[in-house]
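What follows is chain A paired twice: with chain B in the first complex and chain C in the second.
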Partner chain A sequence: MTVLPTILSSRPLGTRDIHWLTAVFLLAAGPHLLRMPLWISALVAGIAGARLLQVRLRGGLPKKWLLALVAVAAAGGILLQYRTLFGRDAGVSLLVVMLALKLLETGTRRDGMLLGFLGCFLLVTNFLHSQTIPTALYMLICAWLLVATLIGMQYTGPWPGWRHPVKRAGILIAQALPLMAVLFLLFPRVQGPLWGLPQDAYAGLSGLSDNMSPGSLNNLILSDSVAFRAEFNDGRTPDPKDLYWRGPVLWDYDGRTWTAPRLVQNIEELPADGNIDYTVTLEPHNKRWLFALEFPGRKPPRSMATRDMQLLSFTPVRSRMRYEMTSSIGAAYGADDDQSVLSRSLRLPAGSNPRTAAFAEELRSRHGDDRSLVAAVLDMFRNENFVYTLSPPLLGEQPVDEFLFGTRRGFCEHYASAFTVLMRAAGIPARVVTGYLGGEINPVGGYILVRQADAHAWVEIWLEKTGWVRVDPTAAVSPARVERGIASALPRSDPLPMFVRGDFALLQRMRLTWDSVTYTWNQWVLGYTPERQRRFLSHLGFSEATWQTMSVMLLIFAGIAVLFGAALALRDLRQTRPDAAKAAYDRFCRKLARRGLPRGAAEGPQVFAGRAAQQRPDLAAAINDITTLYVSLRYAGKMHPESLQMLERRSRTFKA
Partner chain B sequence: MPAMNATLSSMAALKGRILDWIFQWRGPERGTIVLVQRRVFILPTRQGLLFAGVILLMLLGSVNYDLSLGFILSFLLGATGIQSMLHTFRNLANLRISAGRSSPVFAGEQAEFQIRITNNAGMQRYSIGVTRDRISADYVDVPADGETTATVSIPALRRGWLRPGRMTLFTFFPVGLFRAWSYADLDMHCLVYPAPASPGLPLPQPRAGNDKGGTQGQGQDEFSGLRPYRPGDSPRHLAWKAIARSDVLMTKQFAGRVAAELWLSWDALPPEMDAEKRLSHLARWVIDADARGFAYGLRLPGSVMPIASGAAHRADCLRALALHDSAADHP
Partner chain C sequence: MSSQLNAVAEQINSIILGKSQQIRLAIACLLARGHLLIEDVPGVGKTTLAHAIATSLGLRFQRIQFTSDLLPADILGVSVYNRDSGGFEFHPGPVFTNVVLADEVNRATPRAQSALLEAMEENQVTIEGETRHLPMPFFVIATQNPSYQIGTFPLPESQLDRFLMRIELGYPDAQAERALLNGDNRRDMLLRLQPQLDPDGLARLQLEVQQVHASPALLDYLQALVNTTRRSPAFSHGLSPRASLALLQGARAWAYMDNRKHLLPEDVQAVLPAVVTHRLSPAGEPAGGSHGSLVAQLLQEVAIP
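== the complex of A and B ==
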């Protein structure tokens, strides 16, 4: 009984609607089209073009079987391309192609609206690839135009021009913002994923890996993408030379490549008595390492600590993660490590790098004390002609021999590797530590920004009674690398990401401001996790927010937001013509009624005026004036503000 | 069984009462109906439910892939949908509906009721639909501070007075996710003439000689003089030459013994004809006589239309046929 005609739904769409739908679809799918294999992008563009041509030539909609054929063929092609239909990229490609085909057969308003809704879904899939501010703005514009397209389909009368639906959509979206904010902040968050994610969901995330061979860090150094940001409590940043962010610890050497052991003993508790407190916001890197200054003093939630002082998340870090950390700078650990650990840290492959081994024996014979032996090697790096460069010559079968006694040009990984091999050969337990060194202090946002370009490798050696101590051979070769960052350490001719060198002051400033905005964005928008939501609620005074309290709060605040939206929307509903003329006339009638001249219920103004003028000839002129004004205002179409004012004045000054 | 039938019928009555109460159905209303808040109902359309489903899907995807921006977009579009509900409501609310004109039609034709929709607010209303049968509708836009007329067509099945009954005003604007509607049972009516028989019997032979007799009556044959124009006079009898001379509308009068006495009579029809058939033939005669410009009278059991001609006379005669034997001369 409330079901109304589907008249509108089955109404055919106009040419204009098809144009809008096609344009919005291409806009929404645009970022995908640029990423997808060329043949899929070309197919989609071709289908969209065909739809426009079809409208232009007023052709009929294509046959269903033809569409089905194309759909099956496209799905087959996608299956061949990606070897699956359910991966992230394959799924998105399939969605885009199917939407394009849907566009091709969209003829009625019902189809058009369905396509619009599916377009909303397409918008969200773009966030699988990027969630930056520019992406967000682009998608906002797409959503806006999409809503405008939906509105455009609803006009039954003459088309009011493209501005009208666009403006309407803008108003709708703007008025929806308060409710959106409430939902975003208070809608109970669940930690994903709810179901298994496809294999390729995190393709393209970069970061340190669990192995290192000559040249493996170079790719990372050339990337200016952000590894993490750290905000120090009280704005107290440590000395740049102490900013060693510990990552994977590499124990095992096969003569060329260092790898991290698969299993390392866990330790239950960390000392938790650091001398510096900070918060790290880690970008997803699809590995389990959590980075902290040497040496970490506590475990972040849902993570564990290992005996070699790595922090490992239970699951690979696939979304931006924020954790509070404390570290003891300049400390050592593991003085009581047992023989198994130490012997593994002394192991070298038999017969590799013989010259280095011989050199180590020679050193050993000269220096009985471990510390003086280390100092001697560092002196060698410092005083002989070792060069720090990002483009070292290639090394062959015995990389350490070739490096130490031949090329002598290398990058942090060459120095770390050579130093560790030397130490082990000399009988000092040693291992390679990778991570990041330094970072850029952002004065705008008050935090340190660490990029992939800050990746670094150093060494730690075990000294009796002291434990594991950090030694950075790179610092001996190029102190600037440690003190002032990679850009100042490398020769100008070496390629580096533009952002890492700060040659232009203005550019630098803009970059820092932008990164600070991005940081805030990451913190508050992208990093609004269930945990952060809890913290936000506890700021509001709900320290133990349960599902119930959250739902109640959500309902209350959403109610307020909806009321606010209603006030905005229904504001225009107020009558712009509250009958001012009638009010003025009624006032005049009341005055006459007080003098014993009431107007009859069914008496028209003219009739009443005649009767009143007869009974009060003295007032006849005024009565006629007011009545004429009122009648002309009331019944002669449009209001004239001047005559209304005159009527109001006359009725006010009228004296019966 | 009877008990069950009684229960069923009382339940149906209860349902009817509940519907009456919810939708405020209270029979035809005179004057202007204002679609105040209480009279405007709103529910999501099928598309609206579909949209909600898509939003839910987007939310699930956002949870699974931990897409904060996915959350934001889903919430933004969801909130936009909810806001569109208010906009759909305001697109219909506070409109004023009143009855417009409706011209008489013959049975079997479409009766067209005009409905005046007035907008006293400073914003234009778009795509307001008016329907009675929920199958077809007339859509209008109502300008800000203005009014417009929508037309509802109803098949006129039987002669007599036709009421449009309860009409539904509705809108899907702006996004189509919600449907706001309101009922208006305007006190309006349209006169339905009997369907003219086709083919009709030939016009009866004019009968000469009657109590009036002579050349008093108006006929077709002989020009007998001019008289001032009266509304309803056939345009073909206007004395154009005289009008050109005097700038006053004049009608030519004809006198004719023969044409004077064209009586269209109920009794002239074959006795085996039933009442509706007779009325149908009489309607055909009235139309034919008028088309030929004859002066004619109409005799029905219980009423007589004296001999005259012109559009007004034709309307009077057809009205008499339409309302023959009906209790209400006025709706």
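== the complex of A and C ==
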């Protein structure tokens, strides 16, 4: 037992350290364990349990060859599971298993430190899966405990209680915060993540796709994950009935599935005279579509516009993206579209849905005018017993026939699909447009929140001299869907994500506040892109900051920090600077130490002089002289400059 | 050191054999105007030491045997109605003297203990509303049995703190014990002791002890020691400022006895175990226990600046 906490190089770890290490490791790996295949999680938990059991029973650590065997077997299992050892999921699994095995061979403090630092790395990998505020908070707590564990391993004396290392770790982390903030703000940003996320990181992202068949949207409707948020300039939110967020445009129909053409002609310029301005913050969806209100008037950076008014990013959207947009609501476009476009918008597979085709011809014969034909069809949807429901019956070979003349229960995609087929059969060019409709206005954050559950499909038809105009057959069946959102349009029995129905006012309010906090977090922390950084720095007076200037700033900041720290250290040094007598005496002591007579740190001058004189009787006189001089200068308060000079001279000329 | 102090030390050494270090500490404690606690098993010469110190210094001496039925009045004194004068007359208790030997102080109840301890702190006693000053110098030598013995009331930490030093006598070594067995009866020897000082002489010496110079470097060292006890998780709590003062005073007396007018780190080291051991306790244990090794560790690990 010692009085002072001291650091020893390779002390064996105590039971408590093992407990802490195991607990912190499990905490850091926890989110991964919940995601990984069961056998890996079970293996890791088993290894951690084995380590705890071994500590409890005071058994020995397993043999190295056994650990190597388990490691190879686990790596093989992971290879079989994922078909690779790289990439996000396989790599993280491998890391977790290897760290768990490291726990089994951690015996000394050095191992413990290593495991602690590797634990920091493991902690960071959690951000490959999620970058939300709760994740960040959880990681912060884990990092805190990890630092506390590392500190806890440094005590050699009696254990001062868990509060001591936790408090100290808290202080350390708090001291690191300013540094973190500066690095966050000034470290040169690159477009996208610094290193690309592994490909499989985007596998789970949901969103609209380039095709649509009966039932394909239903999965989306059940997801309450956020598609994007939009903030309208001047707080001018358009009418709910105008909130059609345009996404993939589906041209081709094979009798069952609608698909977007692989290639659509690009257009160079969009009419920039939108009547509403807003900013969209798009969540990553691993596809190229950028959503905008119909019809977009501007191209976001690094994207293109197609002839059918889709906005496509050059690369799939894999990180949160923010773009400013302007739209002209209520406009039409493409009045001068050529015959090739129109004929493609009239194509129907031969022999499919014959009853629909016949019905269309009958309509055509009754209505010469396109507009009145459209109105007649919408009237039919409105007045006959069509039902809007999320759980329609399954449809067979001729889905539109069965739907129009049989089941008459369907979801937006059924109506859009049936309406388009009818139009094409009646000779009116028509296309299915998918996207989102509406969204929830968040009064706390002043923006509109669009979820996957707001996914929608509608139709646009081409009228001569007017161009493409939007027709939403769903609106005819269920006006509430358009006016008040999906939740009010569906029967209560239909399953919907919990948050989509705003049943409890308080819950609703809390949820909106939380979403607004998340939005801010996305804007300012996750969305701190090179552009934002540049803008921030120009606020500080550094216009046109390149990564070079930023690096220079960072270096200057680091230099200032180092100088500041050095100044503090120097001040401490000066305060404890031994006076001149002490310096001379230390010199004398060093000479003796070189001759195998070191003075103990706590050895008083007289005791040392006695000991030294005993061992070196030949030097006794010199030792006593120097000691007497030193004592009179340093302890007797007799600071005569002559005695100091004499002491300095004697210690300089002293020869051991 | 004055020749008188030498003579005092020598005389006591001739009665308590083989304990010169403890005797030096006891005299240093007196010179530093502190009270002394001697702790050990019965029969190692605690009472004899106290008696010898008092006689050698030429001080009046009273002994109070502490028992479980001892009352404060037995220590302080009592007012008795005098029929002749028709008023109350104060009969001073044994505490009104120069040296009080409080024998086996931890056998008495806390109530009786505190009567004595108040006198120690204030150098005065208050009896029936009247404050009476104690003679100068006033010096308490308390002896105490190790608290694990049956029928003891251990002194609380706050009261232990009032003793400047605590020493243990320990068994004599074989040589000293043989001399003791061969020698005269200790009781007779005590009676033959000659005073080597008088109260005025002692007061003068005590004043001179105050003049011993403590350099900033020395105070740095002393503070480093004290701060270590406050910072180290090994101790349940650190040394109080009162303990720092006691350490300085004790070290001064020690230096004075070494014929020096200035303090050396060695002086602090010499008195430190006696001054601090009873004021410190290892983390998780009550104060007053025996944990010399921890204090020795403290001396070893704190570097002299």
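As a working rule, the second predicted complex is superposed on the first by the 537 of 656 C-alpha atoms of A that agree within 3 Å, B and C clash if a C-alpha of one lies under 4 Å from a C-alpha of the other, contacts with A are read in each partner's own complex, and residues count from 1 in each chain.
Definition applied: a residue touches a chain if its C-beta (ideal position, glycine included) is under 8 Å from a C-beta of that chain, and two chains touch if they have at least 3 such contacts.
Please read these numbers as outputs of a predicted model, since none were measured by experiment.
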Chain B versus chain C as contact partner of A:A350, first or second or both or neither: neither
Touched partner set for A:L506, first chain B, second chain C, both or neither: neither
Which superposed partner A:L394 touches (first chain B, second chain C, both, neither): neither
Contacts of A:L34 with chain B and chain C, given as first, second, both or neither: neither
Per-residue contact with chain A, leading partner among chain C and chain B: B
Which superposed partner A:K582 touches (first chain B, second chain C, both, neither): second
Partner chain(s) touched by A:R318 [first = chain B, second = chain C, both, neither]: first
Touched partner set for A:V631, first chain B, second chain C, both or neither: second
Touched partner set for A:L526, first chain B, second chain C, both or neither: first
Intersection of chain A interface sets (partners chain B, chain C): 1-5, 155, 157-158, 160, 576
Complex contact set, residues of chain C against chain A: 213, 215, 217-218, 228, 232-235, 261-266, 269, 282-284, 293-294, 297-305
Chain A-touching residues of chain B, taken from the complex the two chains share: 19, 41, 43, 46-47, 50-51, 54-55, 57-58, 60-80, 82-84, 86-87, 89-90, 93-94, 120-123, 126-127, 129, 131, 134-137, 139-141, 144-145, 168, 170, 172-176, 179, 181
Residues of chain A that touch chain B when the two form their complex: 1-5, 7-9, 109-110, 113-114, 117-118, 120-121, 123-125, 127-128, 131, 135-136, 139-140, 143, 147, 150-151, 153-158, 160, 165, 168, 172-173, 175-177, 179-180, 183-184, 187, 189-190, 192-195, 197, 201, 318-319, 525-529, 561-562, 565-566, 569-570, 572-577
Chain C-touching residues of chain A, taken from the complex the two chains share: 1-5, 155, 157-160, 164, 576, 578-579, 582, 600-607, 631-632, 634-637
